[in-house]
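In the two complexes below, chain A is the common chain; its partner is chain B in one and chain C in the other.
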Partner chain A sequence: MTAELPPGLAIQKVDERIMTLNVGPQHPGSGHMRIIVQIDGDYIVACDPDPGYVHRGEEKMAEYRNYITNIPHLERPVIHDSCNALYPYVLGVEELLGIEVPERAKYVRVICSELNRCIYIMYWLAIYGIFLGHSTMFMWPAGDRELLIDLMEKISGARVTHAHFVPGGVRNDLPPNFEEVCLRQVNYFEKRIREYAAVFYDNPILISRTQDTGVLSREDAIRLGTTGSVLRASGVSYDLRQKEPYDVYEELDVHSPVMKEGDSYARSKIPWLDMLESCNIIKQALQKMPKSGSVRVKLKPNPKGKGLDSVYKRVESGRGSLGCHIVSDGKVEPYRLKLSVGSFRNLIALPYLLKGEKLGNMPSVYWSLNYWPVEADR
Partner chain B sequence: MSSDTETKPAAKPAAKPAAKPAAKPAAKPAAKPAELPAFEKSISDKIVEKFGDKIEVEFVKENRVGIKVNRDDIHDVAEFIRDGLNYDHVESVSGVDYPQDKEIEVVYHIGSYSDSSLAKQLLVLATRAQREENPIPGKDATKLPTLRDIFYSVEFHEREVFEMFGVYFTGHPDNRRLLLPEDWADLPPLRKDFAIKGR
Partner chain C sequence: MTNTATGIIRALNSGIKHIATKRFTLRYPEEKLKFVGDGYQFDPSTGVGIAGLKGRHMLFHDHCTGCQLCSIACEGVAEAIAMVKVPEEQKQNKKSIMPQIDYGKCVFCGLCVDACPFYALYMTNDYELSSFSKEGLIYTPAQLAVKPYVEQDSEIIITKYGATHG
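Now for the complex of A and B:
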């Protein structure tokens, strides 16, 4: 019977004891995706993630637009981490076109991408909080996020979709007095997020719900090819800002947080520690940044690659390594553009982690993967 | 594979040179071997030493080594990359469609977490599958051996390449669709002959 089905479809046997439950795609707890779980009583025996509800064909669209007009739509998969989403693409195009970026632009990029990382993590933390029933943790990050959004608005003019990075630098220079304002806001932001520990991370209810649930061992984290906070929560110290520094990360002191436990608690704490580290990086970058100078190399209209080439660039985004594989055939459009995103890579861990877990633990495990469905679907 | 290699030289001069982006940089390292980064060169040398002319070194540049293999050999080469060279996970699997060559290239970007000397490195392993003009995904000749038994992390990536390009991975335990709707009945959408309306 199975042989007659078109590929992609399968017939499943129905068990008397096992119940199949569709979580999503309308269920708010699943994000824009469906998680098909099979439960035996209260325990999950199998889980099959079904993404694709927000697949927008970014990769196909990119083949029809030139290197500059690709900028605004490529940040759409993660609008609240838009600088990091564009970063590997911009680095890749620069390598293809052979552009050297001015020093000040590199620092501006680092500041923007660290601000964006915090903005993304605050958004994620708000969702994580509300799905664990902690509504204070929804309100606080959603409010404090505004501090950094205001900064990004000052830099780029847009609150979330900045489209600020362009091949050759950044779109505009920083506004006057930005360093002062930024330092003040970031200092306050840092003081503010430290308070989260008392209300959330040291909260015995959160600890009891997340500790020792969904444990991912170090070996499995490596085998499954996870990335970002999921990988670092399992004791693998791998952060591209340290391992393969791009732009000026080499000159900055980056201490990426690592935890050994590999449970939901560790996975939820790493992004918070990441934010503290981001504040630290922003302050260093503000200090070391050249006070003046060009921030953008002027490109010719419709830039083309030098010929037949392929390039793979990756950066550390809020959700881990974000890679961009660009194949150029010397035309104004990329011949093929592939985004390898952290969310998609971490999704493979979900069936693995949920097996044997209680259904009630599903939100804490699922959201601890730092997963963003729109990015995974592209 | 022999049938592909025979058709390729005939097809290449007729097609625009622009059709084969990835293959060309091989000429560069050969022209100026002195400038090749040493560590990356040592990795590619190890693979060449093991497999000889079964593989082709596509490029050796900073932090990236590009290897091209026949689809019959990819399983052995991948196994050596994991066991002999300590690479342990796949970051990205991208398909690239070359209608002029009647081939679809599948590019694996393989990295390593456990070996700190390889942290910066990515091994770019490329292979090509035969391309059908009228694809029937899963039932035509567009097939490649899966690497899922070697690198577990390719599971979802290969599923994506299957639905987007119609490249069936033989031996993959789960070749269902991932992102596309179950009732998608058109061409695999990332093939070049699938056109966006209005463009």
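Now for the complex of A and C:
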């Protein structure tokens, strides 16, 4: 064999100490992606995350559909957080078409988006529990999610992919006496998640496994461009609901949690604190919401953008900032649509966090980045 | 050391308490969660939908004019709706075409319901659609006209001891 091989196919020399391991894409501990780790004994020397296994071409698909029929497929990347996944798109289209949204619709959107954030985080937490071998923390969140999924089902009629937000408001009004049911279930939900502290977050076994592993300093978190819970766990108070309030977040009191340790423990605790904050926001929104009124402005069929135009909108999703850039050329379809997702931005930190860690800490560090493979690949 | 021990005991304790509480989960095929309203409907005059479960569609033959707007709406979503000729005796409109829905493709988004200007399409609470063949999932206009009957009456009940389905 003298012929030159392309670089990717060249046979590597076997090293005496360093071994290369492929974790994924079928491994349950990696999601739909591959993490190539090089280990020396039990310690990780280098790590190379390799996403892209679930690329669906959402951005290209959007160029062939009009502004309304884009809705069902744009929420697919994160079905558990589908309201937040649609939010920046809907806000962007509203600005492109120059639509003013009714006040009540804005509140309904905030409630849906906070409910969805909790639903997403509960799912994330269930998987985090099972990654650490804590099966109670898998069962409890998976069960308690049901309280909020039930609420979302009452609002939109679907359990996961709601297709509820549309440019101009929301698809339908809240069902009768929703406020009462919502308040009851959210109160109970809040009481339940407070119980998680004793069984999980104050559990000395969890603390000893996650404290001081994968520490991301404040400077690195900013330099690497991380976002959402990862950024806030490293001591940077940056939440788009406070910094660039969209819809009615200005009128609500948002105290987004911040921790300064930057380790896996802080990164896993921030989403939990986020849920408590979400419950708080939902209760405020229920109180301040106008009791009646329109929830949707009627659009022309097949709305068009006004000539060459572009808009960028971002919201705070369950995984951090989620941006949507829409370019319109005056046709019924967008000319170009680009999503900037939190998952992908957080994944960049993984090689830096895993260097020098034990292989056994890999799942906890990896999942604490609040990463959703399908969203990162779009 | 004592901290570790008390921490573990606290964690175990908070789990053990749940032995005495009622189960929260739902016995699904026997019990079904109650849903609101009469299924998802849309009022074209106000442009706002009416909350309800998004399950299989129901087609009101006497309202459908064969305008194909539902099929056009679905083109960009799933291409699940095909307009088919209905037999002469079922004929309700001049063109004698009506939507036929392929549930192997439908994603239950409800955009076709929003598109229908004549109140002819609704979505009902029947979400258990399964069939042994692909063809069995294609519902003809005659099948869509049947109103499904599904018993759904469980609700989440919250007491001071915890939540259950009942």
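Rule of thumb we're sticking to: the second predicted complex is superposed on the first by the 364 of 378 C-alpha atoms of A that agree within 3 Å, B and C clash if a C-alpha of one lies under 4 Å from a C-alpha of the other, contacts with A are read in each partner's own complex, and residues count from 1 in each chain.
Note that a residue touches a chain if its C-beta (ideal position, glycine included) is under 8 Å from a C-beta of that chain, and two chains touch if they have at least 3 such contacts.
Only a predicted model underlies this, so the values are computations on that prediction, with no experimental measurement involved.
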Worksheet item: Now for A:Asn203: first (chain B), second (chain C), both, or neither, which partner does it touch?
Response: second
Worksheet item: Can A:Val236 be said to touch chain B (first), chain C (second), both, or neither?
Response: first
Discussion item. Which partner chains sit in contact with A:Glu261 here, chain B, chain C, both or neither? Use first/second/both/neither.
Written reply: neither
Discussion item. Output check: A:Gly323 vs chain B and chain C. Expected answer is one of first, second, both, neither. What do you get?
Written reply: first
Item to complete: State whether A:Ala158 touches chain B only (first), chain C only (second), both chains, or neither.
Response: second
Worksheet item: Touching A:Glu179 in the superposition: chain B (first), chain C (second), both, neither?
Response: neither
Item to complete: Determine, under the contact definition given at the top, whether A:Leu224 touches first (chain B), second (chain C), both, or neither.
Response: first
Worksheet entry | First, second, both or neither for A:Pro72, with chain B first and chain C second | second
Worksheet entry | Those residues of chain A which chain B touches in one complex and chain C touches in the other | 64
Worksheet item: For chain C, which residues are in contact with chain A within the complex?
Response: 3-4, 7-8, 10-11, 13-15, 24-26, 33, 35-37, 39-40, 46-54, 73, 75-78, 107-111, 114, 123, 156, 158, 163
Fill in: Contact set on chain A toward chain B in their complex
6-10, 51-52, 55, 57, 59-61, 64, 222-225, 227, 231, 236, 238, 243-244, 307-310, 312, 314, 321, 323, 325, 327-331, 335-336, 338, 340, 344-345, 347-348, 377-378
Discussion item. Quick check on the complex: what are the chain A residues that touch chain C?
Written reply: 64-66, 68-73, 136, 143-144, 146-147, 150, 153-158, 161, 163, 171-176, 184-185, 188, 195, 198-200, 202-205, 207, 294-299
Fill in: chain A-facing residues of chain B, complex
17-25, 63-64, 66, 88-92, 94, 96-97, 107, 109, 113-114, 119-120, 122, 124, 137-139, 151-153, 155-157, 162-163, 168, 175-182, 184, 189-190, 194, 196, 199
